[in-house]
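Per-chain numbering from 1; labels A, B, C and D assigned in written order.
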Amino acid sequence: MGLDQLSLLQQLMITLSAMALFTSFALLEQARLVAAIHAFAWQGVLVAMVTAVVAASGGLEHLFFSAALTLGLKALLIPWMLHWLVRSLELDRHKEPLRHPALVIMAGVALVIFSYWLVLPMVEEELMFTRNIVAVSLAMVLIGLLMMVVRQQAVTQVLGFMSMENGLFLAAVSATGGMPLVVELGVAFDVLVAMVLFGVFFFQIRESIDSLDVDRMNRLTERTDEE
Amino acid sequence: MVELLPLWSAGLAVGLALTSALVALFSGRVVSLLRILAMPLFALAGLAALVAGLSAMVQGDILTAQLPLGLPWLPWRVRLDALAGFFLCVIGVVSFAVGIYGGGYVRGLEHGRDSLPVLGGFSGLFLTGMLLVVLADDAFMFMVSWELMSLSSYFLVALHHDQAANRRAAFLYLLMAHVGGLSILLGYGVLAAFGDGFAFEAMRSSELTFGWASVAFVLAFIGFGMKAGLVPLHVWLPEAHPVAPSHISALMSGVMLKVAVYGFIRFVFDLIGEIHWQWGVAVLAVGSISALMGVLYALMQQDIKRLLAYSSVENIGIIFIGLGLALLFLGTGHKMLAVVAFVAALYHTINHALFKGLLFLGAGAILHSAHERNLEQMGGLLRRMPWTGAFFLIGCISIAALPPFNGFVSEWLTFQAALQSWQLDSGVLRSLIPITAAVLALTGALAAACFLKVYGVAFLGRARSRHVRRARQVPPSMRAGQGVLALLCLLLGVLPTFVIALLNVVPQQILGQGLIQATSQGWLWLTPISPETASYGAPLVTITLALMLIAGLWLFGRGIRRVKRCDAWDSGFAPPNPRMQYTATAFAQPIRRVFGLLFHIDEGVKLQPDGRRRYQLNVNDRLWELLYLPVARGVERAARQVVRLQSGNVRTYLSWTLATLLVLLWIMA
Amino acid sequence: MMALLFTVFAPLAGALVLAVLTPLRIAGWFNIAISALNFAASLALARAVATDGVVAGMSFRVDDFNVYLLVLTAFVSLTTAIFSRPYMGYVRESGRTTDRGMRLYHTMFQLFMFTMMLALSTDNLGVLWVAVEGATLATVLLVSLYRTPEAIEAAWKYFILCGVGIALALFGTVLLYFAAQHVLEDPTKGLTWSALYGVAGQLPPSVMGLAFVFLLVGYGTKVGLVPMHQWLPDAHSEGPTPMSAVLSGLLLNVALYAVVRLKMLVDGSLAGTELPHMAGYLLMGFGLVSFLVAGLFLHRQRDIKRMFSYSSIEHMGLMTFAFGLGGPLATFGALLHMLVHSLTKSAIFVTVGHATHIAGTQSIDHIRGLIRTQPAVGWGLLLGVAAIAGFPPFGVFTSEFLLLTATMQTQPWFTVPLLVGLAVAFAGLFRHLQPMVYGSVPEGQEPVQANMLPVLIHLGLVLWLGLSIPEFLSHWLNRATELIVGVGLL
Amino acid sequence: MSLSSWGVALLQALLYLALAPLLAGWVRKVKARLQNRRGASLLQPYRDLYKLFGKEARMAHTASPLFRAAPYIVFTATWLAASAIPFIATGLPTAAVADVIVIAGLLALARFFLALAGMDVGTAFGGMGASREMFVSALAEPAMLMAVFTLAMTAHSTNLSSMVDYQLLHSDILRPSYMFALTGLVLVALAETGRIPVDNPGTHLELTMIHEAMILEYSGRHLALMEWAAQLKLLLYGVLLVNVFFPWGMAQGIHPGALTIGLLVVMTKLLLLGAVLAASETALAKMRLFRVPAMLNLALLLALLGLLSYVILEV
C-alpha cells in the first residue's frame, strides 16, 4: 500500500502518529527531567492533532471535543502539574542518564517491529490503513512500559505511564474513531485523578525515603538474608 | 418397624454422639458436665452403634436411606449392610468401653490446663465422623465424614499443645491425613469417571480396564494405607497416638485404623469390581513388611503408648496380610479360600480393636495413677493396681496371639488360609505365600517377646521410681471400662464358632459366599475349611486350663499348706535392689543386636553436666531420612527459589509484566 | 430497577456524606448503616432477578452471574463495616492515623464499594474498566493510610503495577471496540457486552486474540495472577485490615468476573478457528502457575497478613484454572469457590486483625498462644484456616471436591499438580498457623475487646454450604453456569 | 467320637506324664556312660520330682500372685500340647482339639508364663533368663512352624494325626522337603528344649543359663511342676520328631494289641533318639548366646527350603 492511494488527511495522520512515536523515543532516552516533560507535552499535542484530523476526515463532531480534552489534559494540564511538582521537589536540575542507551533504543525499535508484526494478521482491506496506526500506538504503549522498566526515577515512571495512556488514546481515536463519550470522560477523569494521586505520592515518598529513586523502595520483599 | 431397627439405632448413635459433643461444649462452665453427662452419652452412642451393627448382621439385609444434606444432585445416601454393620460393632463396642472409662479418666483432667470443651466436643465429633464414614453410601459423604474424622482427631491430638513436640506430631498427623484424603478422593474420582457419578451403586456398575482399575486401587491403597499406618506411610502414627489423651488413643488405635480398613475393603472388594491377583501380591508384601517392622520397632520403645502405637502398625499389617491373601485367592478364582482369609482379616480387625483398646486404656490407667509413660520408671504395678494388672495381662496374652484368647484365633485362621496356597496354580505365588507365613510366625513370636517385656517391666518386679511406688487403684468406672474389653477378649477367644457364624454374613454379601463348614462339628470345634483339614477346640483347651489352674491353686494353695515368704534367692547373692532389675532396654538388647540393620541406632556414653557419665541409646526410624526428609527439603528448596519472584523492586515487577505480555502476544499471533 | 440503582449508588451517596460528615464518632455507625441499606437493596435486586431473569437498562445489566456476586459483595461489605468500626477505633486510639485519615478511610470504603457495584452491574465494558481503575484509585490511598515507609512503598507498587495493568486492559478494550466496529450495525454499541455477546461469533478472531491477551494481562494483574501478583501481598499487608478483607474478598472476585465475561466473548469468536479453547488454555496455565507458586510462597512467610494474601492468590489461581477448564461442573465449582473463598478469607482477615491487635505485631514469630490468650480469636483463626485449607465440613471442601472431580473427568493428568499444590499449600499454612494459635501465653499478652460476630456469621455460612447447598443458591449458580458455558449442571 | 477313643486319648495323655521323666533320665544315663561315669539311675528324675513335691514351697517377698499361678499354667499348657500329639495311636479326639498351630501356641503360652515368672521377683537373673528365652524362641518358633507347615501342606492338613496317617499311607515316597524339615526341626527342638549347644540344663553357671535362670526362684512343688513341664517338653519334641517323620508301627485304631505294639515301637524309637541326643551333647560344646541366631537362622532356612522345595518340586 503506497501513500499515494491515501487522502491528504490520512497522510497527515500517518505523519503525525509517526512523530508521536518519535516523541516517545525521545521520552525514552531523555536524561533531563524537564526536557522529558516537554517531550511528553509535545506528544500530547500530536495526539490531539491526530484526533482533530480524524474528526475532520470522518466528520465526527464529538471527536473535536475529545481532541480539545486531550489537548487540555495531556498537553497542558498534566505537563504543567509535573512541572510544578518537579519544581517544588527541586528536581529541575535532575539528570538521569540511562545505563545502556543504545541497548534501550534497540529494544524500543524491536518493540516497534514486534507490534507491527503483531497487527499484520488483521488484513481486511478497509482496515489496512488503520492497522498501521494501531501498530504505531501499540508500539507507543509498549515503549511506555519499557520506559517504566528502565527508568528508576519516580517522575519518569509516571511519564512512561502517561505516554502509555497517550498510546492508548491514539489507538482509540485512529482505529475506532473514538470511544463512546461516557467512556472517554471516565478515562480522562481517571487519568486526572491518577495524576493528582501521583503528585501526592511524590511527596509521601520524598518524605519517607527522601529521594524519588524507586530502586530504593525495596523493603517489602520475601527475600531473607541468607540468599 | 423391627427390620428398620438397625438404621434407627445407627441414627440414634450418631445423634447421641453429636449430643455428647454439644453437651461437652458447656463443660467449660460446669466442669463436671463432661464426666457426668457427656461421657455417658458417648457410651450410649457406642451401645446404640453396637446394637445397630449386631441387628444389621443378624438380619443380613441391606438398608438404605437418604439425608437432606449434600449437593443438590448428590444427596447424602446412607447404606447399612453387613460389612457396615460389622464395623459399626467394632466402633460401638470400643466407644462403649471408652465412654465408661472416660468418665473416670477425665476427672483427672478437670483441674488441668487442657480445655474440657475441646476434649469432649471433638471426641463426640470424632465418633460421629467414624460412624458416618461407615454408613456413607456415596463418595462425597464418605469424604466429608472421613475428613471430619481426621480433623476432629487432629484437635484431640493437639490437645496438650504446650509441648512443641506434640504440636509437631499433630501437624505431621494432619498433613498426612490430608494427603491420604486427597489420594482417596482421587481414587473415587477414577471410579466415578468410569461409572456415572459418585454414588456407590454407580461405581459398582462401572467397568474399568485393568490399567485404570490398578490406578484406582493404588490411589486407594495409598490413601487408606496412610490412615491405617502401613509401612512406609506409618510415621505419623507413633507420633500422634501417644500424645492424645489415653482414651482417645484407644479410639484412634483401636477404631480409627479399622475405619481405614473398612474404607479399603469397601473400595477394593465392593466398588472396583473385578479383582486382579497382582493387587493381592502388593497388599501381601506391604502387609508383611508392616507387620515385621511394626513389631520390631515396638520392641525398641520405652514409652508404653508409643510402643502400643507401633504394635498397631504390626496388627494392621496382619490384617492386611489377610486381605492380601483374600485378594490373591479371589484374583486366581479360589473363592472358598478367599473367604477364609477374608474372615480371618475381619476377625483380627475386631480382635485388635478390643485388645488394643484395652491396652491403651490400661496405659491410661497407669498414666492416671502413676503419672508415668516411661517403662524404665515402672515396675511392680501389679500389686498396686491388681485389677488393671489382670486386665492388662489379658490384653498382653491376646495381642501376643496365645491361646486361648482371641488374638490367637484370628492368627490361626490367617495361617490356615496361608497354608492353602498349595491349591494355587502358579509356582511363584505358591512359594511367595509360605514366606508370608514365615513372616507372620516371626511377627507372632516377636510380639510375644514385646508384650512380655511390657508386662514384665511395668507390672512385675519392683518399682523403679518413687512416684510409681505411690501408684494407687484407679476409680471403678475406669476398671469397668477395661473389664468390658477384657471379658470380650476372652469370649471371642473361647467361642470363635459363634463369632464366625455371625461374621459369615459379611463375606456372603461382599463375596457371595460364606464359610460352609466352619461349625459343621458343633460349637466346640472350629473347622474353617473342613474337619480333617484343621480344627481347634478352643472351649476344651480353655476349660482344661481353667480346671487345672483352679485345682492346682485350690488343692495345693488353700487346702494343704500356705506358702511362706522369704528373701529372693538369686543364686545366693545379696538381696537385689530395684536398680538391679533388667530394664526394658536390656530386655530388648539381644533382638536389637540381631535386627540392628533395620534401625537407625545411635548408642553411646554421654557426659552429664554433673560430671557423671550416662549410657544413652535412641533407636530411630530409618524411613525418616530415606523418604520424608528429602521431600521436605525439596519443598524448602523450591520455595526458596520461587521467593525470588518477590524481589522488592518495582521495575523488576514491571519487566515481568512486560515479558508476560510479549510472550503471550507472541503465542497468540 | 429501583433496587439496582439503590444497590449501585447508595455507596456513592454514602461516600459523599461521609466525606463531609463532621462527627467521626457516628461515622462508623453510618458506614454500617449504608452497607446494610446496600445489602438490603441487593437482596431486593436478587429477588427481582430471580423472578424476571435479567434486570437491564441504562447500560446496566444484572443477570444470574453477577447478581450473586452483587449480593456477596454487599454482604461482605456489611460484615466488614461491622468489624471495622471498633477496629478502626482502636487504630485511631493507637495513634497510627489521624482524624483526616479516619474520614478518608470511611469515604474511600464506600467509594470502593461503589466502584465494585458499578463494575459488577454495568453492561458497558468501558464503564467496567473505569470502575476497576476507580477501585484502584479508591484503595491506593488507604494502603498508604498509616504513612509508614513500608505503607507508602506498598501503595506506590500497588498503584504503578495496577495502573500499568489496567492501562493494558484499556488497550484490550480498545481493540475489542475496534473489532466490533465492522460487526455491529450500530458501532457505538461496540462496548456493550450483551450486544457483543450476541454477535460474538462474527468478531474477527485475530483482533480478539490480541485483545484478550491485553485484557487478561490487565485484569489478571488485578486478580493477582502470577507473575503480575507482586502488588498484592504488599498492599494487603500494609493497608488497614478491613481493607485487606475487602481486597481479598471482593476486588479479586470482581477482576476475575471481568476476565470471565471477556472470555465468554473471546470463546465465541475463536470458536471457528483451529484453537477454539485458546483463552481457556491461557486461563488454565495462569491459574495453575499461580496456584503452585503461591502455595510455595506460603512456606516462607514472616508476616501473617502477607501469608493470607498469598493464600488468596492461590485460591484465585484455582478459580482461574477452573474457569479455564470450562464445562458445567468446573464452572459451578468455580462460582461456588468464589463464594466460599470470599466468605472464609474475609473472616480470616477479620480474625487476623484481632490477632495482630492482641500481639501488637504482624510478625508471625511474635504471635503466640492465641487460644490460651483469647479462645474466641484463636479458635476463629484455627477453624478459618482449616476451612480455607479445604477441610470438610466447610464449603471450601465442597467446591474443591467439584473442581477436582471436574478436572478428573476432562483433564485427568492435571489432578496431580493440583493435589501436590493443595498439599504444599496446606503444609505452608499450618506450619505457620500452629505456633501462633497453640502454646502458652507470652507474658504481657492481654485479651482485647474483639467483635467476632462477622467471623461467626461467615464461618457459619461456609459450614452450611459445606453440609448442603440451599435450593435457591444452587439454582442461582446453575443458571449462572448456563449463562457462562451454555449448559447447566442440574 | 466314641467314649473308648476318649479313654485312649486320656491314657495317652497320662502316658506322656508318666514317661517324660524316664526319657530325661535315660538321656542323662547315656550321657554319663559316654563320659565314663556310672551316672544316676534311670528313675532318679522320679525321685527328684517326688522329693520336690514333698518339700515346702517358698516365695520371695516381692513375688506376685502370678508367680504362684505360673507353674500350673506352664505345666498344663505343655501337657495339653503334648497330649494332642499322637503318641501310640492316631485318630484320637485330642488330636482334633489342637492342631499343630495350636500346639505351637500352647507351647508359646507356657513359655510366656515361664518368662513372666522369671521377671516377677525382680532379680537380675530372672530378667536375663526371660530376655534370652524370648530371644531364642522368637527365632525358633517361626522355624518350627515352617518345618511343620511343610508336612501340613504335604498332608493338606494341619492336624497332626492326619499328617501321620498321610505319612503312613505314602511312606514309600522319598521327599526332599521332609529331609529339610526334619533337620530344621531337630535344630529347633534342641533350642526349644534348652539342650546343648543352646542351653545347658545341667548348669547353674550364672552367665550361661537360660531356662534355669527363670526358675531360679522356685522351690518345692512349684519347682517340681516346672521341671516336670521341662521334661514333658523334651518328650513332646521327641515324639513329634519320631512319630511324624517315622510313624511306622503306630496303632491306626484302638485295639489293645495294636496299642501295645505302638507303645513298644515308639519307646524304642525314643530310646534311640535319646541316645543320639546324649551323644551329640557329649560331642558338642555350648555356643555363645550370639552364635545361637546363626544356628536358628540355619534352621529357619532349612525349614523354608523344605517348604519351597515342596511347593516347587513336589506339587
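FYI, a residue touches a chain if its C-beta (ideal position, glycine included) is under 8 Å from a C-beta of that chain, and two chains touch if they have at least 3 such contacts.
All of these numbers come straight from a predicted model, not from anything done at the bench.
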item: Contacts common to chain B and chain C (chain labels); value: A
item: Shared chain contacts [chain A and chain B, defined touch]; value: C
item: Which two chains share the largest set of C-beta contact pairs; value: B-D
item: Most distant chain from chain C by Cα centroid; value: D
item: Centre-most chain, if every chain is reduced to its averaged C-alpha atoms; value: B
item: Distance from chain D to chain C - Cα centre to Cα centre, in angstrom; value: 78
item: Whole-Å gap separating chain A and chain D, where each centre is the average of the chain's CA atoms; value: 101
item: Approximate Å spacing (C-alpha centroids) for the pair chain B, chain D; value: 36
item: Mean-CA-position distance for chain C and chain A (Å); value: 31
item: Contacts with 2+ other chains: residues of chain B; value: 640, 643, 645-646, 650, 654, 657, 661, 665, 669
item: Junction residues of chain C, two or more chains touched; value: 156-157, 160, 164, 168, 206, 210, 233, 297, 300
item: Chain A, residues touching no fewer than two other chains; value: 118, 121, 145, 148, 214, 217-220, 222, 224
item: Contact pairs between chains, per stated definition; value: A-B, A-C, B-C, B-D
item: In the complex, chain B residues that touch chain D; value: 379-380, 382-383, 393, 397, 400-403, 408, 412, 415-416, 419, 421-422, 427, 430-431, 434-435, 437-438, 441-442, 444-446, 448-449, 452-453, 455-457, 459-462, 525, 531-537, 540-541, 544-545, 548-549, 551-553, 556-557, 561, 563-571, 576, 578, 580-582, 586-591, 593-594
item: In the complex, chain B residues that touch chain C; value: 68-73, 115, 140, 143-144, 147-148, 150-151, 158, 161-162, 164, 167, 170-171, 174-175, 178-179, 182-183, 185-186, 189-190, 192-193, 198, 635-636, 638-640, 642-643, 645-646, 650, 653-654, 656-657, 660-661, 664-665, 668-669
item: Residue ranges of chain D in contact with chain B within the complex; value: 56-66, 68-69, 71-73, 75-77, 80, 96-99, 101-102, 105-106, 108-109, 111-112, 115-116, 118-128, 130-132, 134-135, 137-142, 145-146, 149, 152-153, 156-159, 162, 204, 206, 216-217, 219, 221, 225, 289-290, 293, 300, 303-304, 307-308, 310-312, 315
item: Sites on chain C touched by chain A in the complex; value: 59, 124, 126-127, 129-130, 133-134, 137, 140-141, 144, 147-150, 152-157, 159-160, 163-164, 167-168, 170-171, 174-175, 177-178, 181-182, 187-188, 190-191, 204, 206-207, 210, 233-234, 237-238, 297, 300-302, 306
item: Touch list for chain B against partner chain A, complex; value: 640, 643-651, 654-655, 657-658, 661-662, 665-666, 669
